[in-house]
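First the structure, which I've put down as structure tokens, then a few questions once you've had a look.
Lettered A, B, C, D, E and F in written order, each chain numbered from 1.
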């Protein structure tokens, strides 16, 4: 994976570990809940990650946008679907979201250029075919 | 349709008419764009309306929430799906969204209790079956 | 002045009095500052009130919007100017501002329909002609 | 308790019941967490409720403000302390918070005028004296 | 033009191109609309750019603030006018805007120090003198 | 004091000087007010700085968070108290605050690792013991 994403992953992972090590029970519970709400249910995880992307973008948090773009890409969201999502973000949230969309496009490019990504999506998709047979998709810690 | 929703529809419709009558070309263009982004494309209208609901709720606008709940219900979103959407809203947006979710549940109850609703959903669904044959779903003005 | 505006004025005036009576020195200082920044300076009060309207609308506070629409109308802002301001609000702030703009149009209608308003604007305008001769426009407490 | 507060309590209680009845496990967990974080710990519940008030006010949610003013009053927060809290809110959040502070003052007046309030605070205070002996303060559902 | 601004221009221009290349019709329409609303009309472009600055600052988006400061400087906004605008921002938006104002002052300094800027403003001003004779000011893509 | 904090202090101090030098009277008054509201009163400065931290975090301004963490640490806030404050932030503000909390934890680590910090807290505490004898704690400019 390319530069900006590597930095993002490394910092997020290192500081989440610290937050959870030093944090109290309530903080751990919040983090657990934050993972649970995106798993497959009546709505598929894919739709929920798209919702997470929209929420992050209208609230304008770059790190949250990056995180959900990565997750959406893992769920096999296409470029065309990403850009229709950007439309909803732009219309609801206004031009104030444009700088975030510029950075989102940059993130998306990095993801598409990363060789490992392709494989991960394929694997994920094969898993999706067997879903419903008991194997709920595991989701990494935010 | 019951009380609160009727008031909502009446005021929205009356003031939108005024906005568009007195408004300039740019305002009309924005309203057109606002309709276009929720139509079927790479992502179905249903998913986009759910996105609109999430965006409205984390930005905490009751009228926008009401509007998208109505539209989602028309698209056949189930109670279970609504509540999973509320989970995403609650976790991303925090407890500050709770009063809006209380009002959202009230709105949802009114919609479910309205006899006309049932029929509209059914009709819509039959339309969806014939979609893809050229008949892109028309969407009423926001 | 018609119903909604009378209620707004009465509540604002009554509660501001209480805030300032019970409030400490810092609260009074903030209220003073809040009046000072809208007075004529390098930029005319009229432009600053329009700025106040834009800020209130993108931050989506109905009472603040109502207040600045009243003040802008007093400064002689025309309907055409109001609607161009609404365009900026709509594009920067997104469709989430639409319900606020609907209520803003309603407020504007009440103001235009109020007979006393016409006179106030005229008086104000005569004052503006003599401005620069020492008579900085007084501004009522927010 | 007077009018506005009674309406607030009644609606909140009724809709929270519905949210929890229809809601899934994740929603219940969020509500539990929302109660837990305000209980006594390294910081007393009183300080946390004041924090909740500040957060609600700068995010500008009237119902959340009402809730935390009620809780702060139960914790024995004095008018002078409330107004210093309003100062912090006003300076950090800006004049956009003023309409919320006007309504907050109205809520506070209703609470102070309610005869039952006085007693509740006294009881709470006696409880606080025996705190630390094992009896963590119970907190009603938000 | 000095360092920070060059980086800003280069990234904005490069990513806007990508957004518009890959983006669908709706995205293009939003970008067009975003340009149109700042052109001269009942209100001059200068006032609208100041509004854009205020909106960007109270919504706290550094890139949007940078963009509108550049545009306002091109429209001949003076330092005194900028600082009165900062006052409105500070009072409406609160101390939470201070870090953005610190960066805004840095941006303004870079603009004033850039030799090319002086010339552009002068040219623009001569254009303004001939305005009204049909030559509506062109505005570069956001 | 370590790297990130030094950069923060240096930029803040340099740009605040410029803001106040070039700024008008209203800007100076806002800055004064911003200092006054955090001084000891009915509520101790410590509680107010914690409020400032909560407000900054739910409004999601990293520089404001950094500033108030520094001030809270000077007031002797313990790690356990910081993490309970993070809980309130997380629950009220939602997962959108998580990236800010990651950076907050990093800031806190830097502060705890800085040798000079320890001494400053001790000195401050001795000052606090003599407080109430007339010596209101001085507070540096934001």
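Side notes on the structure shown:
Quick note on the criterion: contacts are C-beta pairs under 8 Å (C-beta built on N, C-alpha and C of every residue); 3 or more make two chains touch, one makes a residue touch a chain.
No experiment lies behind these values; they were computed from the predicted model shown.
If you take chain A and chain B together, the chains in touch with both are C, D, E, F.
Under the contact definition stated at the top, the chains bordering both chain D and chain F are A, B, C, E. In this entry, chain B maps onto chain F through a rotation of 180 degrees when their C-alpha atoms are superposed, rounded to the nearest 5.
C-beta contact counts were set side by side for A-E and D-E; A-E has more. The pairing of chain A with chain F is characterised as different-residue: of all residue numbers used at this interface, under half are used by both copies.
With centres defined as mean CA coordinates, chain E is found 25 Å away from chain C.
Centre-to-centre spacing of chain A and chain C amounts to 42 Å, using the average Cα coordinate of each chain. Chain C and chain F have centres, each the mean of its CA atoms, that are 34 Å apart.
Within chain C, contacts with two or more other chains are made by residues 24, 26, 30, 33-34, 37, 41, 55-56, 58-59, 64, 80, 84, 87, 90-93, 95-96.
On the chain A side of its complex with chain B, the touching residues are 33-34, 37-38, 41-43, 47-48, 50-52, 54-56, 58-59, 64, 78, 80-81, 84-85, 87-93. Residues 24, 26, 29-30, 33, 36-37, 41 of chain F touch chain C in their complex. Within the complex formed with chain F, the chain E residues making contact are 60, 79-80, 83-84, 86-87, 90-91, 95-96, 98-99, 101-103, 105-106, 109. Those residues of chain B that touch chain C in the complex are listed here as 11-12, 15-16, 18-19, 22-24, 26-27, 30, 34, 55-56, 59, 61-64, 142. Residues 58, 90-97 of chain C are the ones touching chain A in the complex.
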